[in-house]
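Below you'll find the structures, each written out as structure tokens.
Two complexes follow with subunit A in common, the first pairing it with subunit B and the second with subunit C.
Now for the complex of A and B:
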């Protein structure tokens, strides 16, 4: 079975998707943190459940509902979510309660909502989808694992359509912890990330992006998800891994029109992508982490961009890394890695 | 008593995240649950924690909870009698 992306909903540092102004101009963040532009949640969630939700849940549920609206689908057959860190804000709250009150008098709400699968559960309650409900928590490969599960379930014919997405939030405690191990560049805005790629660290981001995958192509379809692969540490060189992956889809590097790379401005990581310059010398190379920041499920943002490029037949100027002109965009490859450990290849075609 | 009722209303707004409401929106003698303010079982747990944390009163008999948490007035009466 083919797997089509029929709907997308996203809450990102660049605003919400779909929106006609999305990426017309880049939102600049000088604070070192790329926080999402939040929509009016009350337009999507009833007041009673809304008052208990943390930002993580509000972002996740709202982007999932936006996605279903975009796909004109009220109820998915299955729900798959991904998160590297889960509901950190609520977890921090109940752990602080635990220590402050000497393990007594715990407020129930943050505890109940601190589990990683809280977004998937909330979507199930809201949509009435009580079928397969899974949350993948695999650090920087979380979204890819969730997407792979959805892809296999549709490809095998087990489900007709699946809602799949990734959600992550920035919290103060987590930011500070990672600052201590030089995860972040201090005082560098996202517009200057690439010109500051000779030092350690990147810029933190957050966001929630959901996709409605389906066996059936319709007039609103964005792209066809053709194949994907995840690797934990490359067993051999990146070039060979990429060529082998494309060969498994009966393609060569020359067939790829656009390559979206997970470059993040970190001197200890960006050199890994250097080899793609030669391998894809005729392709349009692009990057995306200056738009969404670095977070565990940021590859969902890359999939959004890839699908939108194929549907709109346009590569936004602000993501281009070279000047190669592509007349007819047919094939897009996403290559993302983190710490040279979690590598993923995702290949999409126009439909 | 008036001060206690005002304080209780402020605490209820805060712990239950009733963002759109002011203390004037909570009627002192109106029911907190179901038809009144529309609170639910998770809110009841939050109110039990509030009672113990802020006023040092532990509700030993769960059967009495329904009467104690009927309204802000009944909560204030219970605190006054047991503090």
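Now for the complex of A and C:
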């Protein structure tokens, strides 16, 4: 079976998707941290449960419901979520409470809401979906592993349509904590990230992006998802891994019209992408992390862009890294990695 | 016919033993591992018994064969010990790692270090921030065992490690991997002890699953892994086959984040879909290793779901949580190992501490060790927060 992207819903630092103004102008953040532009959650979630929800759950559930609306779908057959960090705010709240109160008289709500699968569970309740419900949590490969799971389940005919998405929240406390082991580029706007790529660190981000995948193509379909792969370490190098991946889809680098790269302005990481300049000489190279920030499931944001490029037949100027002109955009490849450990390739085509 | 998936190696570490042999020995001798936690630093140590592994992290590191002073969380240490045993059991320690992946589960990852250190960060200890995330323990295990390529982590609360088994099996079924290490790991943490305590579902005494007077669960810690191989990958090493993985399924209760629905819909769906996938009928199931946590809610809904599916034909069943405690992200894989041991040794482990059946749904588990029982197919359940319900079936070959 073919696998189509029939709906997208997203809450991002650049606003919500779908919306007609998406990426018309770039939202600029210069605090080292890009936070999402939150929609009126009340339009999606009843006031009583909404009051208890962390931003993680609100973002996740709302973007999932936006996605189903966009796909004109009431109920998914299965739900798959991805998050590298999980429910940071609730986890920290419970940890702080137990530390401050010496393990006494604790409010269970943040604990209950701290499990990594809390968004998937909420969506199941909201949509009445009793079927397959999974949560992938492997760092920056989480989303692609969830996407692969969804792809395989539709491709094999086991399910007709699946909701799959990635959600990450970055709290002030977590941002400060991570300063101990990572560098954030404070005082540099995300619009100037690339000019400042000779120093360590990047800008952190957050967001939630969901996709409705289906075996049925309809008038609203964005793109056809063709193949994806995650690789922990590249024993034979990036070039070989890329060529092998494309070959398994019966493609060569010349077939790829647009390559979306996970460049993030970090001098310790961006050189890893250098080889793609040579390999994809004629392709339009583009990037996305200046729009969403660096976060574990940011490749869901990349897939949004890739799908929208294929549907709209247009590459937004603000993501282009070179001037190569593409007449007819047929094939898009996404490649991202973090610290040369988890690498992922996602390939999709126009439909 | 879809390709068959075989289990060729198992490894486990829990409060009743540091390896498969020790665990089996405790199971048949009815030796449980529930008691006062001595290594977990909590104000509740006198009141809340746990299934703790009686070793320091330093001792665990030695057992795991790694250098002392590294940045391993206790979760990663336990995981490495069990995963190494599984891979050695399959005879794959020194070869066969091409196209081998790992799918590991954990619920709180490196929380055991985080909760001790996050208010006193120093340059020496700050790597706890990196080892906190769930994926880190999986990578530590992969690095130590020489596994690269497909390295994945799953976290769906208490059903996590049945789901990691399922996910790895899917990778083999789709010809994306030849072999995969699957399972889960979780160390005891103040975070989870206090979390379950705040929900008032921890028993101050030894847990009593399915008993009328059951009063909650005891938490435990541990890790367990299985090696899954495709039919082709195991050619020439058929003597390593322990059993076949014939059925698995995940369903959602879609009812409440922490409570299960009255008719046990999620549990019922998980069991019935696993059965359907295996091509077996209810009569073929010889033993159920139930989730049986000892909480009022779980045991009743699980009993209702079992009755709905099996009617008056309920096979012998037991919960092994009175032995190990509830080991969260490790529990599904741990009980999968116990189910395979039951299959291999023709035994059914008893449900310790059971005295009187529940009033609302009086089902009586196996209360004494049964020997010389013909067991062809075992069903094992794991149900978790978020209504996440999973069932798995292992069959004799």
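Please note the rule applied: the second predicted complex is superposed on the first by the 350 of 351 C-alpha atoms of A that agree within 3 Å, B and C clash if a C-alpha of one lies under 4 Å from a C-alpha of the other, contacts with A are read in each partner's own complex, and residues count from 1 in each chain.
Please note the rule applied: a residue touches a chain if its C-beta (ideal position, glycine included) is under 8 Å from a C-beta of that chain, and two chains touch if they have at least 3 such contacts.
Quantities reported herein were computed from a predicted structural model and do not represent experimental measurements.
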| item | value |
| --- | --- |
| First (subunit B), second (subunit C), both or neither touched by A:145 | second |
| Subunit B versus subunit C as contact partner of A:106, first or second or both or neither | both |
| Contact breadth on subunit A, by residue count: subunit C or subunit B | C |
| Partner chain(s) touched by A:117 [first = subunit B, second = subunit C, both, neither] | second |
| First, second, both or neither for A:8, with subunit B first and subunit C second | neither |
| Which superposed partner A:180 touches (first subunit B, second subunit C, both, neither) | second |
| Contacts of A:263 with subunit B and subunit C, given as first, second, both or neither | neither |
| First, second, both or neither for A:48, with subunit B first and subunit C second | first |
| First (subunit B), second (subunit C), both or neither touched by A:134 | second |
| Doubly contacted residues of subunit A, that is, touched by subunit B and again by subunit C | 106-108, 112 |
| Interface residues, subunit C side, partner subunit A - complex | 42-44, 107, 114-115, 118-119, 121, 126-127, 129-130, 133-136, 138-139, 142, 148-157, 163, 167, 170, 174, 190-191, 194-195, 197-199, 250-258, 265-266, 269, 384-388 |
| For the subunit A and subunit B complex, residues of the former touching the latter | 47-48, 51-52, 101, 105-109, 112 |
| Subunit C-facing residues of subunit A, complex | 79, 84-86, 91, 94-95, 98-99, 102-104, 106-108, 111-118, 120-122, 124-125, 127-139, 141-142, 145, 149, 152, 156, 177-178, 180-181, 230-233, 235, 341-342 |
| Touch list for subunit B against partner subunit A, complex | 15-20, 38, 40, 42, 45-46, 49, 52-53 |
